[in-house]
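Chain IDs A, B, C and D follow the sequence of writing; residue 1 opens each chain.
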Amino acid sequence: MKLLSIENISATYGGIHALRAVNLHVDSGEVVSVLGPNGAGKSTLLRVISGLVKPEPGGVVSFHGRSLIGVEPYKIARQGIAHVPEGRQIFPDLSVDENLEVAGVRIDAGKRKTKTAEVYELFTELATRKKQIAGSLSGGEQQMLAIGRALVSDCELIMIDEPSMGLAPVIVMRIFTTLRDIMESKGLTLLIVEQNARLSLQLSDRVYVLSQGEITLDGPVDLIKEDEEMRELYFATEK
Amino acid sequence: MQVLLETKGLTKQFGGIIANKNINLTVNKGTTTGLIGPNGSGKTTLINQVSGELPATSGRTFFKGEDITGYSANKIARSGIGRTFQRIRLFHRLTVVENVLVARRHFFSANVLDIVLNTRRNRREEREQLEHAMTLLQRLGIESEAGKLPTALPYGKRRALEIARALALEPELLLLDEPAAGMAKEEYADIVRIMERLKEQGITMLLVEHTMEFIRRVVDWVYVLNFGEVISQGVFGDVEQDENVIKAYLGGDETL
Amino acid sequence: MRKRLKLVMILVFLGAVLYYPLMEENEYRLFVMNRGLIHAILASGLVFLTGFAGQISLGQAGFYAIGAYTSAILSTSYGVPIPLSIIVGVIFSVVAGLVVSVPSFNLKAFFLSLVTIAFGLIVHRLIVNLQPLTGGTNGFFGIPPMRWAGSMFTSNMHYYLFLGILAATVVSMYHIKRSYLGRAMFAINDDETAAESCGISARKAKVFAFAFSGALAGLAGALYAHFAGFLTPEPFVFFESSRFVGMAVVGGLRHLWGGVIGGIGLTLLPETLRLPYAGWENYYLLLASTITILFVVFLPRGLGDLASKALDRLWKVEGATKTLKDATVVDDSEAGADDASLT
Amino acid sequence: MLGLTDFIQNLVAGVSVGLTYGLMGLGVVFLWQSINRINFANISSAMLSVYLFFLFHTWLGLSMLLSAVLAIVLVAVYGLGLRYLLYEPITKRGGARLEFVVATLMLTVFWLTLIIAMFGGMPRRFPPLFGDATQFVRFFGVGVRAIYFYMIVVVAVLMTLLHVILRKTLMGKMLRATAQSKETAQLMGINVNLTANLAFVMSTTVVGVAGLLLGPIYFVSPVLGGGAIGIKGFAAAVMGGLVDPYGAILGGVVLGALENFSTLFISSAYRDVISFAVIAVVLVWKPTGIFNWTSKKE
């Protein structure tokens, strides 16, 4: 069943044609990766879905069959789409607890409590820093908090923008194993945008390759399992 | 070969986050040097440190043998380092040719009185510099846009204008931050042509770029940054085979 | 044909401006007009500072006051000849402009507005408190009027003098705008980082902008002192500064003529409203501030912009290159002129 | 020589008046944090609340307490009006900060001229909302004017209330989250429209309360809406770097004390100059504020 569906979406960002006629869909319970080098338009894609960037007219973005175009970002979030933005964007002056709390505005207080407890169980590093100001966390902990916020919101779809950015390999491993655990135990639907292809491919059912704003390749993960092809993707030869 | 730019132990720290650590980089005169690396690896920070936009936390920068560490951005520009920006920055209230003329500021000698009274000296200088600016626009193939505002230009031509403006300083070193980013195919071809022509003219360049094909075509020597450190350098053919570099881009061999 | 129409219109306009005081029978209206010209000089300085260089001043009344009191005190208490006292007044306000420009080096426009407010208030308090020198709240009286060939200036002479100075101001601004100085100021206004990368010292550009606008405010103040004959701290309060900024905005911050249109317009308008109806005295200022608000809200580009667009339509400039949405921000003649001088 | 009792009396007077400056500073902080604007029209909120109170009590004959509450409520609604009648239309037409600054300044001029046109420039008696202004309350043998006592109590209550709202309620946390990043707040499902409305309302309300507190000192007079008192609110806010509410309150207290002692030791004529100089010096020397514990990243 199609949970999220994107058809013919184009968007400009700062004068650049960041996305050109992109088609993409995510089914319920799936993990989908969008790979591509920097500047390929990956972040813009997520920003279009969460309503932060307005696409050009003529395209379709729908969730559960309902159009998201022109809907205010906070209303999209309340429909059950959590966007973990690039660079994590935790609220630096709010405590860890408070960061999680404000992420759960769409659910009632009781549910928020259980959800928060679940997050602390997953990320024990955070549990010891509940009252600490989030800005004082390390990069890895901030990423965990950012993912934690998405989990607290009790959403149906989590979109993660480059969870590995700027993090040491050990931490990246930790993040990805946790993501895998979450998916196995909860059956969440995930849309990951990544540059770090090797890890995200191991997690994914399907993959899209975005290059210069266009989807150049899509299909099941086996399609580009070969390392050589990934290398080509980044150190691309043909134009 | 003559060293034009050299950084020694350049470091930049934002609060608790270290963006750049102990960067030693050399750019030889007449060459094109590339800076590559994954997102957030500190490439733009390095460019901004060299251009004086960001003061370095520690380390020194030498240009033509002179220590330019701590110089203001405008002084560095005048000493012969021109630059473009990741997200194109043009003066949107000035016309295309006026954008170029801004960077010709220091080729004028008229004083305030000359200007207010619009003396012959002022008129002559304006005419000369206008001609110079038009020649530059011509070199980049945008002379027919001279009277327009930059917002009227397509994206590729805006980039060309930004390069023209940097060239107006008559710089010895050109810093380019992702010159080909966001280009459509035809625009991309144009920008590659421009770069190749600049190379022929012997202009020294230091550039950040993500499009590897672009790096392959125009760059003589490449530095790879990851986590703010230089993890590899060499000619592109070698660097792209370097396991460390591949790991930085694609991730390690770990399995989940 | 169009060219001839343009010429005729300019000649008619010039004739009307020059002939106006000769046919004006109402002495008070002429007085108000003269104040409008003074305000136009001052507001032009704000157009220069804010519209060109992107710096903000909510303390312009401070420079105005420095020019006025310096010239008044020098000429009255120390017998300095009026032209000289005016020049010293201007110099003093330029110096004040240099001082106020220092915070602009690393303050964003917004924080800067607070500093300039503080400057204006300090000047105002000094005038009130330095009573032996300034007369304090009682006012400063007996300022000698300007003279020509031994006789005092008439209203008409004031008019022509102010008009001449205003014209010189506009012409100077026009030339600066088209020079490297003007381009540097527009550049730092648009994007300071990019300007610095072009070798432009943002500091120098800001210092120049503050000095120039300070000079115009000081000049306006000095002229006002000798024109009015007495000074009180009243016209130099904080809210006068905001009225001046209001004039520049209503006239059009990015337009060469913005200060002229706003300065004269917003001086004449409340007076026009005041005259016809008895009992309106208390409310005409209310209407003036309402009109300013409406202008800012509904016509943020100002009247100058509206006028230049209307005139453009009138002569239907063919091949006008600046048709884009930002076309309003640069003087329209410029691009064409640059092209023309090349070919 | 200044005795201990005199010293304490002056200190209390300075601190309590300073607290009201701090309240006005809060008005600046709330708005700066939520929409990154300075609303100069808020200078007149203090004057508006006092005149509304005066109007309700003296002209309509309502009880003092009811009049005060009504005045504050109307000033709160006025905050909403500022958003929808001024801020939104200007933003929609592409107006930037400068346009907002000019429009709000002109609105202050508007209110000032309206009040003067309606009530004249002369001050009128402030109805004794806080009892007899001349009365003294004794603390440990030191007599303190009752009005100062009330100022301290009211501000303390208000600050506690604000603290609880900002730190303990979900709404307050949402407000703080929005202040840190509007975009991310939206991604969390926070209705940023609502939080902006709240910020506008809170910003005018605290200034309205400050007005009523200053009433016994400045009477019902246009002075309350003139530049000088409003500017002291800015000075207080500037000391907190425009982002720290507690910094603004402390800034106000320091300013109030400074003013009071300068009146005592130098001259009342230069009292205001001190606040203005403080703004200039702090902004030039340390634009991020000297009492700023909120680490707002640039």
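The rule is short, and it goes like this: a contact is a pair of C-beta atoms (placed from the backbone, for glycine too) under 8 Å apart; a residue touches a chain by one contact, two chains touch by 3 or more.
Fair warning: this is a prediction, and the values are worked out from it, not measured in the lab.
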Label of the chain whose CA centroid is most distant from the centroid of chain D: B
Pair sharing more residue contacts (C-beta pairs) when B-C is set against A-D: B-C
Intercentroid distance (Cα basis), chain C paired with chain B, Å: 40
Chain centre separation in whole Å, for chain D relative to chain A (CA means): 43
Inter-centroid spacing, chain C versus chain A (mean Cα positions, whole Å): 54
CA centroid of chain B to CA centroid of chain D, Å: 48
Chain contact graph, described as a line, ring, star, complete graph or other shape: ring
All touching chain pairs, where touch follows the definition stated at the start: A-B, A-D, B-C, C-D
Contact set on chain C toward chain D in their complex: 50, 56, 58, 102-103, 106-107, 109-111, 113-115, 117-119, 121-122, 125-126, 128-129, 237-239, 242-243, 245-246, 249, 253, 282-283, 285-286, 289-290, 292-293, 296-298, 300
Chain D to chain A touching residues, read off their complex: 170, 173-174, 176-177, 180-181, 183-192, 294-297
Complex contacts: residues of chain A adjacent to chain B: 14-18, 37-39, 87, 139, 162, 164-166, 168-169, 172-173, 176-177, 180, 195-200, 202-203, 212, 227, 230-231, 234-239
Chain A - residues contacting chain D, complex: 50-52, 72-74, 77-78, 82-83, 85, 89-94, 98-99, 101-103, 105-106, 109, 135, 149, 153
Parts of chain C lying in touch with chain B, wherever the complex brings them together: 172, 175-176, 178-181, 183-184, 186-187, 189-191, 193-202, 208, 254, 321-327, 329-330, 334-336, 338-339, 341-342
